[in-house]
Amino acid sequence: MVPISYVFGLSAALFGIGVCGVLVRRNIIVMIMSIELMLNAANLAFVALGRSLGSTDGQVIVFFVITVAAAEAAVGLAIVISIFRSRETANADEFNLMRW
Amino acid sequence: MFIDLLIGAVKAVVVLLLVLNLTALLLWFERKGSALIQDRVGANRANLLGLGARLGMPNLGLINTLLADPVKLFTKEDFVPDGADRFLHWLAPFLALFPVLVTFAVVPIGDAVTIAGHRIVLQAASLHDDALYVLATIGIGVYGIALGGWASNNRWSLLGGIRASAQMISYELAMGLGVVAVVMTFGTLSLQEICRSQGGVWFGWLPRWGIFVQPVAFLMLLAAGMAESKRVPFDLPEAESELVSGYFTEYSGSKQAVFMMTDFAEVALIAVLLTTFFLGGWQVPYLYRDGFILPGGVHWALSGPAVAILGVISFFIKTLVLCCLQLLVRWTLPRFRYDQLMRFGWKFLVPVGLLNLVATAFVIVLAGH
Amino acid sequence: MTAWLFGFLATLALVSALGVILQRNPVHSLMALIVTLLVTAVFFIALGAVTIGFLQAIIYAGAIMVLFLFVIWLLNIQAEEREAGHLALKSFGALAAAALVAELLAIAGRAPAPEAAVKPSPAYGTIATLAAALFSHYLIAFEATSLLLLVAIVGAVALARRMPRRRSTAASPAAASVSATGQDVSAPEVSRRAASA
Amino acid sequence: MNHFNPGALDILWLPLVPLIVVAVGAVVVLLAGVRVSDDDSEGLGWIALAFLGAALLFTLPLIGQSSSTAFAGAIAIDNYAAYFEITVILTAAVTVLMSLEYAPDFRLAGAEYYSLLLFAALGMMLMAAAGDLIVIFLGLETMSIAVYVLSGLMRQDPRSNEAAMKYFVLGAFSTGFLLYGIALVYGATDTIKLGPIAAALAGAKGGSPLLLAGLGLLLVGFGFKVAAVPFHMWTPDVYEGAPTPVTAFMAVGIKLGAFAAFLRIFLVYFGAAATHWNQVLWVIAALTMTTGNLVALVQGNIKRMLAYSAIAHAGYVLVGMTAAGAQAGSAVLFYLLAYAFTNLGAFSVVAALERRGERRDAIADYRGLALSHPGLAALMVVFLLSLTGVPPLAGFVGKFYVFSAALNAGYVWLTIIAVLNSVVSAYYYLSVVVVMYMTEGEARPIAVQAQPGMVAALALSLIGTVMIGVYPGPYMGAASSAFKSALSHTQVSSRQLKLRG
């Protein structure tokens, strides 16, 4: 039997990979994917911690987080489309009309 | 422990074989059936050493569709276009077929039977959350088609892939609404339980089938299911007059055969699900655990195994009828236009599904008090 | 969850998550992300959160990710060429993330949470349990979610729908605004477009 | 819990009515806008205003209610919520007034614009009234998503697109941290309700690394939203690129919403355990003030300058948070009110000078403003002086309260840094005044007509800035009663804990 803290550790690692992706990658779509990875890691943490506490709350929160992820993805991709129309690139480094 | 594993493995293999045979059968139905509808002869060339003709039998085209065609397909050159994403091009057909095949795992093809002291549920896997599982696998099924279209490096393929995924995503919603209505009606997510609660009769004569409680959901699921399987009148993704052959334009040989198999497996899947949700699954009207009890009060006793076998047979008859219905529709209706397809899905099926859901909820709450 | 199953799934999850950020082709990244999400769904189911696991597969892996696929196709985003420069920034990002993970892992190691601590009831993770919680303790959150989705729909449509046709032939606000600030960024932009056209 | 029992839920409609009114308003605006072209969206603005006014009326009965919760602790009923809701509604109303001419001029999609504005306000109000972490999270998301879109609504303008993109990426990034923080806090305490979490923090679990790491991540998440250094990178670009009324709404509204939740979590509920977090906050506050003010010195664009000034002001608020305690809490609440009116005023002037799709937001554009538009120039002077902290304006009183609270709590060095920063800030605020009054303007200045919406927005901001400054008593009273009513939640819950224990 594997302790729950292992699963939690896995979620921490996934979260770190997501953070790394946002910081390192410059393709805007991949950056948004990395953010999804972070949210997914948080979901895993909620379920794992909820299981170790024997409470359902963690799962209910995951339900909300999935909704939020959907909303964020929709709006984020809409923004990508609108910026692509004027700029024709998905590389964050080229979004430099204003200094970062 | 070991015997349980063995039973599980046998069930899985049996279900898989049944599905594969069903798809082959459907292929034959499609070819000869369409010939029948269009008043032509259809496949009639291939035969074994002229045996059928020598015996004076009409050529039913069985050799053609069940042996010659598959052999031809599987031995053709497997062509990968220049600039294609080779890995995904190879993976896509299997990504399309796999989710459809595994969905059959939760479909109950009969009641539980007891063989040599082992109670065996005639369902390859029972998950308790079967209905959610079905929706999940159908949802994942999008990727095979979509990636097949993209990986071919061909604009017709890509357009077909985009159309297919947009269509499947849109109709999944209607499908989900239909399934939710059914789940609410029977109060369970388990398909076996849903079948079980469709036993018995109302008013002494009407079988307690889901179709009589949820006719709207039945029609919705039929329409949405046909759209999910991307067949006429919803075959926009492979509309040959516009897109050559849609997402599998660039496929040949065995990979194309797998895509075709997916098509027929989806037809079978829709039929099987509709049977389970609305036509009582393995239930035979008036047949109970110990035999028939007809509306007049006539009792006709039957042994346990006989009842179980009758159940399985009834399941397959219903499934075949629904399969034929889908094939019939395919050869009867013209194709939708893309905007009509989307409008039908979003502006008709979804609102109707929501209203149906609200009505169902009201009835359940009122009945509860 | 048995050790070998955990090992297998965890490896799969880590490899596919790394695939998300290491692949050059966005479609491949997306495939890796879908695998990660599905593996997470399996984890949910293994941890007793069966309903959430299926929902994750239906909504997250099955619907949201298709949206990404559409946008990648719509914009025809190709694989990146090797990214130039920013080595300092990248290594800083990787280091920061690694430090974060190390800290969280240390916490996970110290958190006493063995699996056998609590035996969940049979109702744990079923749809009935979730629904009861959603419509009682989380009622406000549930309603807020519906508004959130409405906001997202309105917002996405507002941004992504076709531009309204301009009535006047006056210079576009965009060009005007750029020149107004004296930052004449538009000239190379225009020439680049002209070159590509 | 497994058996659904709606009767067990403490459903109270009263605290929800303002929220519901705003939500209905947003939907009505959206529906009414179906046939309205973007060029005459002014009517939609008035509809939005009407609903905001109604919401304001419905907030009044909440004032003076004894502190309690509803919906199983998800919604807090207290003066604190009412205080922030009123401020948010006023902010939204001034923003709408500011936009009445701006939106058609810049061809913003009217229906979506006003309805998203209302939705964002709804998110902020939800954050102010939330009693558990998940509602705070959802309020934050509603607000953020609406504002991501608002800042990108000038779709033909690449700067606006870019602003939306940067704000979205960094905002969603911070959401990830916030969420993971919530997960850790939940794992450590088995609850997401603020009261029990505070009890756990004060109790035996207080030192649990899980809980502390969770608090740290929450701090990061909120740090992004209130634009504290080092999480401020997005602020100047987003403020510059977004449509000016939206920038005003961001500078004020988002700060209000985020600080409402931030203060409620850290100052009110975790105040007793301030030793766990106020060292970190000390550093962040000092960094935020200093960076904001120093970088503001070299800005050539008025919106960027105000963005860095907003960062600096977030730093002053954090000084108050570091001090912790009832005095500091009231001071911070008061400060936010003063800041709201002053900043709205400054941005109104900026918006008033932009015409017909033409952005005039370089500081150089303000040359000779005193001659061409003496009224606007004078108003700008008032708002800038208030931002600097010159008596008798609102900004001065706010700073005075916050700094004295920090001094009383013994944070001498932090207060010294804050005062020094105020002195530095005077330089860049006053340099705008210099540009307006002491340099030659263009030969043909752009004519700005007095339009009712803009005039009303400016008047409201001016009245607020001056009134609060000259006669701060009642506002300070409201702020302190708001903070005390929020504090009484924690006393109730700790008393209950004692009874149980």
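By letter and in written order, the chains are A, B, C and D; residue numbering begins at 1 in each of them.
To be clear about the criterion, a residue touches a chain if its C-beta (ideal position, glycine included) is under 8 Å from a C-beta of that chain, and two chains touch if they have at least 3 such contacts.
Computed from a predicted model, the values in this text were never measured in an experiment.
A count of C-beta contacts for the chain pairs C-D and A-C puts A-C on top. For the pair chain A and chain B, the distance between C-alpha centroids works out to 35 Å.
Our note on geometry: chain C versus chain D, Cα centroid distance of 27 Å, whole angstroms. Centroids built from CA atoms put chain C at 4 Å from chain A. In whole angstrom, the spacing between the mean C-alpha positions of chain B and chain D is 55.
In chain D, the positions touching at least two other chains are 1, 134, 138, 141, 145, 148-149, 152, 155-159, 164, 184, 187. In chain A, the positions touching at least two other chains are 8, 15, 18-19, 22, 32, 49-50, 52-53, 56-58, 64, 68, 71-72, 75, 78-80, 82, 85-86, 97. For chain C, the set of residues touching two or more other chains reads 51, 55, 63, 70, 104, 107, 111, 113, 129, 133, 137-138, 141, 145, 148, 151-152, 155-159, 163, 174, 178.
Inter-chain contacts occur between A-C, A-D, B-C, C-D. Those residues of chain A lying in contact with chain C across their complex are 1-10, 12-27, 29-30, 32-34, 36-37, 40, 43-44, 47-54, 56-60, 62-64, 66-75, 77-82, 84-86, 88, 90-91, 93, 97. Considering their complex, residues 25, 27, 31, 34, 38, 41, 50-51, 54-55, 57-58, 61-63, 66, 69-70, 73, 126-127 of chain C touch chain B. By the touch criterion stated above, chain A contacts chain D in their complex at residues 8, 15, 18-19, 22, 28, 31-32, 35, 38-39, 41-42, 45-46, 49-50, 52-53, 55-58, 61, 64-65, 68, 71-72, 75-76, 78-80, 82-83, 85-87, 92, 95, 97-100. Put simply, chain C touches chain A in their complex at residues 1-3, 6, 10, 13-14, 17-18, 20-21, 26, 29-30, 33, 36-37, 40, 43-44, 47-49, 51-52, 55-56, 59-60, 63-64, 67-68, 70-72, 74-75, 77, 80, 83, 86, 89-90, 92-94, 96-98, 100-101, 104-105, 107-109, 111-120, 124-125, 129-130, 133-134, 137-138, 141, 145, 148-149, 151-153, 155-160, 163, 174, 178, 183, 185, 193, 196.
The touching residues of chain C, when paired with chain D in their complex, are 103-104, 106-107, 110-111, 113, 121, 123, 128-129, 131-133, 135-141, 144-145, 147-148, 150-152, 154-159, 163-164, 167, 170, 172-174, 176-178, 180-182.
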